[in-house]
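Chain nomenclature is as follows: A, B, C and D, assigned in order of appearance, with residue numbering initiated at 1 for each chain independently.
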């Protein structure tokens, strides 16, 4: 059968994000694949340079809908470090609670999406039903389901009342029971195992080489987790472990995510039960001194890096946002070759792509039908031979 | 097959969906809804218009005598909020020195007229 | 996880490439020159096991264009290698041959700052749209949108 | 020779086309409702499939560029006609008056037609998703058709007749085939699920991979008719399984007057098809989609060999017991 080109996206009922795959397939096998991302460059970084620290935080929240707290915390954390502000422990704990609830709702959402992508709609409905409990907790605490607006430079904007704490604690047991069920389901349900096992495998070396972050890296056995490596907020105090798995495929990434749900629940429970008394914010100066910082944060999807440079005014000189999705794209492009067309959505979704932030790449080429993943040098050589005019001297 | 067990349990129980027009979820206490301005408290300091990330707040003419900390002072301006530009971030409420601008618990319905204002 | 690196260990080995300084408890910053970036990264990779590129940040500080390469490794230290490039025709050798994920970051910087990466496998547009005009680099400080220029999208639909 | 008026009534009103149409829509509703309740959703109201059908009849029909309109219009009608015809040979109230020796084979072939039509539609659509979907549909057909046929023909082997009605009569005298041939029954259910392209065998129309497969370019009344075809296939398929394995509408003793027997038979038919539907819906809810290469693996390795084993067992049983 001759090769066919299947163009998926950017307007495609199967994809929820503006991304375009040009899949060159031989029957059901992917021979070659071209990824084309980001149809929506929004200029957030440029806009951030025009706003003072008060007004930039709502902007940072709107970099991404799911991980809105991640972006605003990463930014506020960096600015506080430049200003050498020590934010009060209560504020740290409240930020941690919101961050971990956000991780839970992101992972539950992901689990549902992954199940939907393999046509297992029942799990999709159930996880999204249970995600409502997390979202309700967040709504009770912050008033919103996604853009929480809890951060400000110097602390948090809203305190948690005892009623809110008790309501959140009351929701936890049911959630814990459900999450434990999902752990069993992910590990035992045949219909998921058959589609996830051995799909999109990355060895530990490959995962390191292609710079993967977050659950993608941890599924390949790399224990990089910013929460442990470079502790911030209340992660020093809370009891939790870095979750890793050695499978390295979509199955491994699913397992890492459900186990992280359990860890998140432990952190949330600890923070809710041990919430210290005290103020929730310290007054922040208007201007930040000259300085630069790489603020790292473990977002649900992986390591988020905000590089912030200040110049002594009330605005940043430059904020450079490196989203986890961008870091993971190289590995996705690499592990798609020689997989089935039917597995594209699963493999792409396995990194939990969030394209409201990112990019556009045209990376991959495999004319020969040999098994395995081509090396990067090979890739460069092929690219040159195909597009001689594009090569820079 | 833990799925099967749960499936048939669900088949016998009620669906979890909230049937919207008949049932409604309570609005949480922390909810940020429609913005409201108490004109008698506003001293016209324009702080709200400075901190608004969406630039929904503009200062318009509005001379009035207001009580502030026991003193009477004459303000020149008052804020005006473009309702459908507002992103309900609550920064104006947070930075208002007198508590004149607040976010209410009521929902603000959607609309197509971008020029609806709250004063 | 190996033991933590100290500044002394790094600074001594990296003397020939530039100045090393401790920025925070686990951050080391090395300032070097554009010619030496490739070798510096190769050296920190080989000597201290900085095997993972976090990101490449680009800053326009109105005098020069600055590139900061952040790397981390199994010892959880972060080394930031900073170089300054001239604003006129900035160019630097690519590091995507030793760090594959750099390819994406370099393309992004090429798009937004106009820095040329020599030897990059394909510096095509990544962040900006195809009909974005050439030689306009939106994140440079001196860039202002020109009302007469067409920046893509549908003509006459920009507000 | 049957009375012409009775024949016309049988074909057009009950239990022919009109009843079939309504019952197909009802089963479609029930299928969706059961699935929804199992997922703790509310599900559609009972008239939803009918409303969908009417709505889609009224929608604009869009011709993809370069498509042969005549064939594109005719193909769904052919599929619909095929499955509606197939229903006439399946016993509903009692034995079908149109039954003849060999109608089992005719029904099976008529049931295969929608898949062929889907492939044709996919191929005609000049759309890459449709083409891949069409190819997948045919690949899947080759995988499940053999075990499905074998499983449905084993009752015929044991009963020694090629007429569905006579197989039902044989079960009335002896034992239901679900007890005699449990493996065949399971294979038949799996094959039916695959034939109807429901999860886990919805590979040709995998929503997240190839949009809707062959259905992608179908609009308006073509889509309505094709949807109705699949709904009717569900009725025919479950009625067929009920007739071949669950004893059909007949009960082991005779009832007087004869119209009462018909009524009881009709209710038995309803109960049995609903039971089959419940099983099919449960399979749909409990599983995710498998890949075509995995289906190939499972289909030929396990399902096909299971059906062959069943045929072997039946031959041995025939030799030792039935015709001994």
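Note that in this section contacts are C-beta pairs under 8 Å (C-beta built on N, C-alpha and C of every residue); 3 or more make two chains touch, one makes a residue touch a chain.
These numbers come from a predicted model, not from an experiment.
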Result of counting contacting C-beta pairs for B-D and A-D, higher pair: A-D
Length of the line joining the C-alpha centres of subunit A and subunit D, rounded to whole Å: 44
Centroid spacing, where centroids are CA-atom means, of subunit B and subunit D in whole angstrom: 56
For subunit A paired with subunit C, centre-to-centre distance based on mean C-alpha positions, whole Å: 22
Mean-CA-position distance for subunit D and subunit C (Å): 62
Junction residues of subunit A, two or more chains touched: 122-123, 126, 129
Contacts with 2+ other chains: residues of subunit D: 38-41, 285-286
Chain-chain contacts as defined at top: A-B, A-C, A-D, B-D
Touching residues (chain side subunit D, partner subunit B) in the complex: 34, 36-43, 282, 285-286
Of all residues in subunit A, those that touch subunit D in their complex: 4-7, 12-14, 28, 115-123, 125-126, 129, 191-192, 194-195, 340-345
Of subunit B, residues touching subunit D in the complex: 1, 3-4, 7-8, 10-11, 13, 15-17, 19
Subunit A contact footprint on subunit B (complex, rising order): 1-3, 6-7, 16, 28-32, 51-54, 87-91, 94-95
Subunit D - residues contacting subunit A, complex: 38-41, 128-129, 131-132, 199-200, 202-203, 206-211, 285-294
